[in-house]
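When the chains are written out, they are named A, B, C and D in that same order, and each has its own residue count from 1.
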């Protein structure tokens, strides 16, 4: 077996810690349930990296076995979480996590959503006629419809 | 404890990373950030990532270090982009890149089976997530909750505080150089114990029970056998799984089964209640 | 063979238990056939018990099954099969079988039919278990089981307030006795060799020799305390007459076979211990004597047929305790034999009398007040004859069962008066004469009940009776349906459609006839032939009891007993057979005495005022104290609630990300603390 | 360093050969289609060819057609519609072809292990313990190309094609994986080489008694059937080609693609066919095993011979797939899903359990 010194282990631990922290950040700050779910999975990835590194460092399988268990849990989490997301979406037609705060203390006022500015994010400007494929000279250029395709993406 | 240079570098990583990430995260009220801000954030975060990479030690062989750096950078950068993308589809794709890079790192650490398994499991999982995003979210375009983040400043602060704590803790670790690279001999006792069992029965050397007990006292958890040669990967992992961790395997199987049933029970579409149908009684009076 | 039988002694309690289990599980399908598993179970249990009679021996035990093992304290489940046990088993299961058969007719149509039989099975299970068990702890367990079953059976018609009250009373009074028994067991455990409370160890000679005089006296006294409650002795007898509120077969079961004999059995079982405490023995005799006299006096004036029988039971139990108390020095063996023999014969005739009363009640449409019916001998010929047989036996008429056993008790008392320690003899002389007097009174009230019911002009209960009217007025006055004499359960007790004044169906009369035959001849078979004595001799520890060299029949005692019985019966014939005015004149003449007897010496009222009142007062005082404590406790409890509401509630905002963020911060801070400050 | 260079050379060779093979597979497909429909098919390219030296060449069967096709693909104008999600639109065909190509890394092209001539290794990455799992991992990545292409095209037909394909691929991955587990159990390894070598051996008593080789198709007939069915679905071939069903979805996920991007999807698909054919042959048809070939001593000649045998078998398998394409009509979508979840997966499970039981019994009887 190729040697696996402490420095290499440290690499794995550092990358694992970074993934863990970033996943935590995503979980805390993003409001889309699906992105939160992905962030949680990312934290699991960081942990798995750490475990595999340790296992390799100590020359035993335990780290990998833990990771296999993590994979299992992640699979279960994916199935159950996505099923939950599905029915939550059916109830509110939204993936916003802040809508779900019924478990708060009964005396607490519900979370006030900060006013989201409508149309705040400007979509890349429509390019008008150029939004059509550039045709060769062989064909006639058709008349452009008033509403370009691009509107569908709003 | 820690060299001053390292400390400064680490603080720079944290500060730059936090600033960059904060700039890249969606605004609290969903107001659009100019492209310039994004760019600055990306530059700062990229700088932090590069500085972070200076803490990594390159593996011995050139190809390994090439792959290691590529995978690690891709993993962390992918993670950063996963959480900052406005579009959940992009998030999912970036997360796929994180998973692939992690699998690559697994491969470098000698966990081939795990690498392939992770790809298989997560590829399916992410595709399904993808479909969910497409079905649920994208229909209405970019939703307000995708454009706005919840308390990005506080979240960034606490997470980078956590990261700093972990980072610092890892930096100040100093270990004595490992003589053999591994810690052995702690479980000699167990070998002796099971050996006693075998001999106490006074079995002959070729007796099947003796063979079984000798089989049983092999150290299944080690990656290399007694003669210090690496065991075949899948066989070794399987042996460890199905001897030392049999209960874990069974539990994992049970867990999967339960989750399967649970997911089905949760997500099964209920018949809509039409007017005129008897309304189900709410279960509030418990 | 004997080994085999001894190993299978567990079948005796098992069959009734199985029966009641079947009834409980299959009540829905069995309904009106619910008696079948129980009757079959108890009958099978009787067969096993009967065969066990053959294998009895002082040291026959079944193998021990480990049950309670707490370091140093070991209580196995083990059965003892000596003479006393097998005798009790055979008697209990035999009588219980007949009672169950009778009950299947008596209870027909009751909505709680399956429940009733399930409880009967459980009752017999507990009693047989009590008799079989080989150590005090197991006995105590079944002792409590008997108590619980009696509670549930006495309160069988629990919608009737009087029944519920009677059940509660029986249970509470029994708890007082159980308390004494429990302490006795603790004491035995601490004082015995090896801390082993099995009978074989406790009653062995070595163990008894090493017990100090204080221990012997204290334990004996506590055991007797336990027995007084179970076996209805002064001062804890008050529950038994009230227990009439249960269905009549239950009364029969309690009075004849299962419940009240438990106390007598316990004392008989512990005789080797008790004979070493003369003071306690004298106390037992005196208490028994008091009980017998008191209850006999009360029974003289009661008008409720079942109540007369109840007080007669108390009185007869008093006789048994007199016998047990008479076991001084050399009389010990004779005394305990006499007491147990009386228990044995009493079971038959008392079961008979109760069942016959039940039959009368059944025929009279749930009326049991003797003033409301008379002259039933032509209408209820079988009931009449069987009641007469039971009455003769109870009165101790020569050659009937009661005669032989009562005679032996009197004989034991007489010997005790001679053999007792100097200074104690006088007590036994007094007890002896009071016993004779009580025997006379017994004969008298038995005759009174019999003649009032079956002789005289024929009269059936009608709503126009002054007593019935008085009851109705009473009900209106009190606004409740609680009446002393209303034993039946009006709603659906199954006597609707049954015409008043008809003989009971055969399923009820056959057990009566069998019991009548037994009541007449069982004494003759077992007593003078020495069968009973011989069998009881096979009991643990009895061979070491003192015994008289030769005691033949004592003609004088026999004459006294016969005389008392015949005189009593004759007097009652004179007074009641043809309705002479003498009793009324007597009652007028001795009015205070009559009233005292009629109102049961106001014992219940005194208890109500003295004991219950005191307890309630104490509770009131405690409640005031409790209010202070409550205020403090609530104040302390309110403090964190207030703090949490004001300080911590805002953190519970229901946003999962907030919680996760707090967790992340916490982990980060902990890590930093570990890194920098530790 | 030499090793690295050797591997690079091997990669080049394999990629070159497979790309060329793909080109001629398209010709083959067209010919098979033509003959199936009683036509002649392409027959012009290559006939009446005038070479620079004045030589005239008359190649039969339109043998130069692939070159013409390739040239067309490359030279066509590459249109990128303005409404597409550009990065992903470009990425999708790349993912598709990369996923198809890196699967070859662990596939043995000729005899390896004990049967191989010394110093030669017909495998790009020899000694990968997890061989077959690796192939599946890569195979599960291929779906990204399809779904991303469908989504990024921003066209409803493409989108529907992408959705269909993702659901189909995820569903059929399960029976595909489970169908080979029987062979894995019998051979006792995930390594493809070990599995091939097992099929050289004696196999179960039944095959021995019948005088058959221990090929997967004989010792695992049900597994083989399941594998072939699932493989058709995995490669999006008829009768399971719903993601690109021309009649319903115009062109499925590649409606919006043209020129070489379209060509890459095409290439990826045919590469996938080759991979799957290799896998089928290696897992179930004895690999390079052929009657009487075992007796020949291991040397260069026999090694090449065995590689040739393997190639012939793969060719037959590819032909079989084309044959099926022009024989069996397409499934309806619900039938497709029913087939996977209600038929294939249960059968595969039963097969797996039965195989496990038999293996255990045989092992304990030794």
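Here are a few things to note about the model shown:
In this text, contacts are C-beta pairs under 8 Å (C-beta built on N, C-alpha and C of every residue); 3 or more make two chains touch, one makes a residue touch a chain.
Bear in mind that the values here come from a model prediction, so they are computed numbers and not experimental data.
At the centre of the protein atoms shown, by the Cα-centroid criterion, sits B. Between the chain pairs A-C and B-C, more C-beta pairs are in contact across A-C.
Spacing of subunit A relative to subunit C, judged by their CA centroids, is 77 angstrom. The mean-CA centres of subunit B and subunit C are about 74 angstrom from one another, to the nearest whole unit. Subunit C and subunit D have Cα centroids separated by 90 Å.
Each chain gets one centre point, the mean of its Cα atoms, and the points for subunit B and subunit D are 32 Å apart. Residue positions of subunit A touching 2 or more other chains: 24, 28-29, 31, 97-98, 153. Residue positions of subunit D touching 2 or more other chains: none. Residues of subunit C found to touch two or more other chains are 655, 657, 661, 664. Note for the complex: subunit B touches subunit A at residues 21, 25-32, 52, 55-57, 59-60, 68, 72, 75-76, 79-80, 82-83, 86, 88, 91-92, 95, 98-99, 102, 105-106, 109-111, 113-114, 117-118, 121-122, 125, 128-129, 132-133, 136-137, 141-152, 155-156, 158-160, 162-163, 166-167, 170, 173, 175, 177-178, 181-183, 220-224, 230, 236-237, 240-241, 244-245, 248, 252, 255-256, 258-260, 262-264, 266-267. Note for the complex: subunit D touches subunit B at residues 4, 88, 128-130, 133-134, 136-138, 140-141, 143-144, 147-148, 151, 159, 163, 166-167, 170, 173, 189-190. Those residues of subunit A that touch subunit B in the complex are listed here as 1-8, 10-15, 17-26, 28-32, 34-35, 37-39, 41-42, 45, 48-49, 52-53, 55-65, 67-69, 71-80, 82-87, 89, 94-98, 114-118, 120-122, 153-154.
Of all residues in subunit B, only 150-151, 154-155, 158-159, 161-162, 164-166, 168-169, 172 touch subunit C in the complex they form. Partner subunit B is touched in their complex by these residues of subunit C: 655, 657, 661, 664-665, 667-669, 671-672, 674-675.
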